[in-house]
Amino acid sequence: MKKSLRIGLIGYGFMGRAHSNAYAKVNHFFPLEHQVVLKSVCARDEAKVKAFADNWGYESFETDWRKLIAREDIDVIDIATPNNTHAEMALAAAKAGKMILCEKPLSMNGPEGRKMVAAVEKAGVANMVWYNYRRVPAVTLAKQLIDEGRLGRIFHYRAKFLQDWTINPELPQGGAGLWRLDVKAAGSGVTGDLLAHCIDTAVWLNGGVSRVSAMTETFVKERQHNLSGKVEKVGIDDACAFLARFQNGSLATFESTRYARGHKALYTFEINGENASISWDLHDLHRLQYFDHRDQGTTRGWRSIHVSDGDHPYMKNWWVPGLQIGYEHSFVHQVADFIQGIETGKPARPTFRDALETQMICDAVLKSGKTHKWEKIGKFK
Amino acid sequence: MKKSLRIGLIGYGFMGRAHSNAYAKVNHFFPLEHQVVLKSVCARDEAKVKAFADNWGYESFETDWRKLIAREDIDVIDIATPNNTHAEMALAAAKAGKMILCEKPLSMNGPEGRKMVAAVEKAGVANMVWYNYRRVPAVTLAKQLIDEGRLGRIFHYRAKFLQDWTINPELPQGGAGLWRLDVKAAGSGVTGDLLAHCIDTAVWLNGGVSRVSAMTETFVKERQHNLSGKVEKVGIDDACAFLARFQNGSLATFESTRYARGHKALYTFEINGENASISWDLHDLHRLQYFDHRDQGTTRGWRSIHVSDGDHPYMKNWWVPGLQIGYEHSFVHQVADFIQGIETGKPARPTFRDALETQMICDAVLKSGKTHKWEKIGKFK
Amino acid sequence: MKKSLRIGLIGYGFMGRAHSNAYAKVNHFFPLEHQVVLKSVCARDEAKVKAFADNWGYESFETDWRKLIAREDIDVIDIATPNNTHAEMALAAAKAGKMILCEKPLSMNGPEGRKMVAAVEKAGVANMVWYNYRRVPAVTLAKQLIDEGRLGRIFHYRAKFLQDWTINPELPQGGAGLWRLDVKAAGSGVTGDLLAHCIDTAVWLNGGVSRVSAMTETFVKERQHNLSGKVEKVGIDDACAFLARFQNGSLATFESTRYARGHKALYTFEINGENASISWDLHDLHRLQYFDHRDQGTTRGWRSIHVSDGDHPYMKNWWVPGLQIGYEHSFVHQVADFIQGIETGKPARPTFRDALETQMICDAVLKSGKTHKWEKIGKFK
Amino acid sequence: MKKSLRIGLIGYGFMGRAHSNAYAKVNHFFPLEHQVVLKSVCARDEAKVKAFADNWGYESFETDWRKLIAREDIDVIDIATPNNTHAEMALAAAKAGKMILCEKPLSMNGPEGRKMVAAVEKAGVANMVWYNYRRVPAVTLAKQLIDEGRLGRIFHYRAKFLQDWTINPELPQGGAGLWRLDVKAAGSGVTGDLLAHCIDTAVWLNGGVSRVSAMTETFVKERQHNLSGKVEKVGIDDACAFLARFQNGSLATFESTRYARGHKALYTFEINGENASISWDLHDLHRLQYFDHRDQGTTRGWRSIHVSDGDHPYMKNWWVPGLQIGYEHSFVHQVADFIQGIETGKPARPTFRDALETQMICDAVLKSGKTHKWEKIGKFK
């Protein structure tokens, strides 16, 4: 008989769906000691949250997140709400002794994140942040190859996350679906939304960052605000690019924008080592590009690895070689790993503390965008 | 309150999992009047079928498919067993008045398929065959573009389905997971397994086939049989290629093999029309390649369409632009369409009769491989 | 002091230019004992041939090819005229003891080609046919890899050559630039023009062909003829596809057309062996795709080899790694190899006899297109 | 009768060959009023320069560049020597009233370049710098599309030039073939060698740059020097990345390195506008990627344009659609344009003054790499 892991989800937007799907699927594909139970979902709009609960099979719903956290029959609080609510909810959940899964970015900024880390560590509760791209199989394979030492000394890292969905100046800001354009809800624009993903992966694959020099821009200066109904100044960064030095001496470039016509969600990274290089992109997420200089000379070339074999990360749990999985599966993997972390006592990552490092880098990036100077990364340990 | 659609699944292999996943997901993503209910699953091994039922949430299990079909509390019989069992099960299910979903190929051969068609049509039960690739969004988009008349007169069709998993002569034949290599269970090799997919899509996109000239080969002549324990002659076709003429006058080449080193499941098709061309491949299933000669001259080029926008087929039900779905989703779409077919009275396709056409083409291909002559397609209407 | 190799070229069309460029460049890039001398060019239109001679630096010109062949100061006759003139010119040139370079296809048909082979072999003159694609560095690399035994037993070969330039029915046939559409000048359509290239490469890479089953089509039945000024029946094949068996047991598909919208000159081939596979396409001719099953499991993938390194065939004579050469360079390589063949006594290939084999296969293909039966390949040795 | 344009080339290294090939070919393919005459080539090593002259058909040779410049029978001085010699030679050639073609980068630094500009402008002699990539047909097509206003407001520009040929620390610096690693001969490393190309193209396509923030690195600190025979400190930048702001407000990232394993000469750029985007890479130089948001919604995609049609820039002078040209052709185009500039009175670009702008940006980049601050671009007009 399996143990239950009872989920209480806050938020039913895009991420609420992605997480719910992961909870619904994980036991079908991953052998775990725990059975995930969709206990309750919480949001302010009663009609909508009820419909959401019905659709996904949540046993109940709440309209006050404090009540959700207070419930005895819930083991895990999953925070899938706008960034400006993460800290308050996480502090309360930690206090209530709940395990916490929190959407990324961890917080509005470093100081806020530091409090969250302190809270979960003091409470001793399992905690994790939804930087899901670590668990795209091709990305996990990249990590394996790096950990095996295949690349040798690292010279370069470059990442970008390009979108084009906010080019239209008529697009409003704020409210459901558009809170990412509202600095009060999001804290920042592409830096917290997109570069945070790039940074999380980069630190995971290539270690810590020492310093950054950034450039930010807000192309559309004013937008109608959906909540106030008025045209308001846009406070977020529409685009951000920065240079970075990793602690291992490698040079890096990072860039993100929502104004790169033709790219919907093109997250790419490439890492160049002395012996081998790796690159990946989210638009074709099931492939990893790999170049190994040790291959025989005349047949050297970038290998396009279709990461769908049984010996590729996570793939033996799905279908057969050649048949790809998609975006949503990265969340299923993260839930599976979180549960295995509980079962084995080796916590899955990134933890809140890991995510704080990303937050501190984001802070330095945003600061550099204003000071126009190189900035060091603040403390996160 | 939603109506129930109660499923009775026979078979828990690869396809049993794919179908179960589709049933489990469809109501989460598609607004339907019916709620799918995983009523029962049937297989001969009690321990295993029980475990499967537990894992996927089936309410019960059976070990005798005749009992399953006889149950009053089941609306749909889903046949996901080896090919040599389809006909008997389908005839029984039709007689019992059940709706029937049947794995492809429909049958061991045309005559057998003809009986199945007669049975479901006589019984007046909803019926569909799992040619799932029609519902990969990029393939559905291809169909839309063709139906809009964008290609003009069609000159060429070419399709192939290349795999490499049976090159090793030590691989046995027969039994669980390997029945596809056993001619008694499968009826044929790549023709029924892989070319049937290519043909189903082709007929859907380009209309009927008039005649074919085929070449078949069995590279590994003998293999250990898992059931008898003896080395037995291999009766299936390892590879099959054929020329074809469509009724619309276009020329076609089809090829399939399990001996194309480097390809895991490379199903590709291309269609060349007077004004535009389309191509697609399963290894990167979320992309459609499209060339339109009417584009301005100097900027003409093959467009790589990332089929993930809200106005692309099925995609508004999933995530956001740029985030791809995978193989399994084609089954979810097929269930959704099947149910909508019931609800609207416009049956989803391919029906058994549609699949019979594919079967008759397969028969002609296999015959031509033996006679070394061009063969016409037998009647299917 | 270098020896001279004095060229007499017949024809100044597309191929006349390509050959002239090769002659002009070869000594700049390849160390040879011979210096190519552009002695004379011959064509019927005096004004045009004079202009051509001036442009390319030919020392003289002729308007009667028999006079050119009779000249004492010419070592090599290069036949770059329509197909229906090859035999007569070659027979005369052989009789005159000239070395002969002949455009492909060798002849209008097998019997004609057999006479040409007999003539050059009787005369003992160096001879070669311009199947230039053998000497695209990526194709030559493919040959090297095959000769090294990397692929193991061959299972499959597939080639196609797709164009789209004759879809417009208003395009006339016949005369300068369009003789390829006139069956009297060309002998056949895509079979001799395009498939002949595919077959030459295939036989070179994979050995002889045993039998074929073909399908041909002429989509546009009548076209204005440029010479007669009248609408005349089109006698060529617009499209041709065929199945083939190689002598080594491998299965093959070949296809060619001028009605594949979106493809300008897409010559592709792929060869699947037990251990490795290779593919190539002319649209990106400097790349070879290579898959080696012996690579470590999780990092296996198709390698995209940018064939531009110093240890790649021919490339040390050009620029530096990463900088590609183009179509014209294959002709330079062929001249260089032809001259080295003279210097070393090991004749460069394909010789007329090699090209006769291709011709016999083309004949069988065209015959099968009419008989609708499998046809064996006629004798060529 | 054509006029003569008599060339005097200084230097016979990689660029000396590329230029000589361009001179030898240009009249074969481009209709011009001038006939290029290979008058003389100059280098210090008499035996080698004589061999070079013989190989390429130069009428004479010199071993003292001052003598070459002094010759009355020479119209154009082509400077293809290491960077530290450009200024002295150009000043002398201008004084002698010669037209001047100079290899890139123009000079060792901005102040030196400013003198060169003053000299040629005072002398009133035709002048051009060999930034050859402007004349790759796909790049020229990009310029056309931008000039037609297709992209709309520009948001982003990104370029990189990645190589991997100096990773081996045993590679020496200095002397023939390796002077690019010697700061005394080259002035800088990747900035002047590679980024200068990226910057020239960028300014051409996207206008002037306002300010930059750069990061440079020398991974291998010491190398054997070929001239001194001793291990010496490496003075060049092995890698350089910088952020930039264009005058049109767009944001840019630039990066170059010789330590990106797997890339031989991967020069890429991408430009994102409000309505359309363009990208290109040197490894597949005959293709331009183009995305146009105004395409119909469901069929939008990046178009892969095979730039080989008769209406593509320069291509009607070469072969037929589908057949690609290579790296060397960009030099042929540049000579053709230079001559047409003389003939039409509209000088071809980039002139020395254009190249000075690139030089000033390089200076600012290198300065920023040392000051770790944003730097403005110095005056160049």
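Which chain is which? They are A, B, C and D, in the order written, and residues in each are numbered from 1.
Throughout what follows, a residue touches a chain if its C-beta (ideal position, glycine included) is under 8 Å from a C-beta of that chain, and two chains touch if they have at least 3 such contacts.
Just so it is clear, the structure is predicted and the values come from calculations on it, not from any experiment.
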Co-neighbours of chain B and chain A - touch as defined: C, D
Chain pair with the higher count of C-beta pairs in contact (A-C, A-D): A-D
Chain C and chain D, separation of their C-alpha mean positions in angstrom: 36
Distance between the centres, which are taken as Cα means, of chain D and chain A, whole angstrom: 42
CA centroid of chain A to CA centroid of chain C, Å: 55
Multi-partner residues of chain C (at least 2 other chains): 263, 302, 306, 309
Residue numbers on chain D that touch chain C, as the complex places them: 14, 18, 20-21, 24-25, 27-28, 55-56, 163, 165, 263-266, 282-287, 306, 308-309, 318-329
Residues of chain B that touch chain C when the two form their complex: 155-156, 158, 160, 162, 164, 167, 213-215, 217, 219, 239, 241-243, 245, 251, 253, 255, 257, 259-263, 272-277, 291, 293, 302, 372-374
Of all residues in chain D, those that touch chain B in their complex: 141, 144-145, 288, 290, 292, 295, 297-306, 309, 311-312
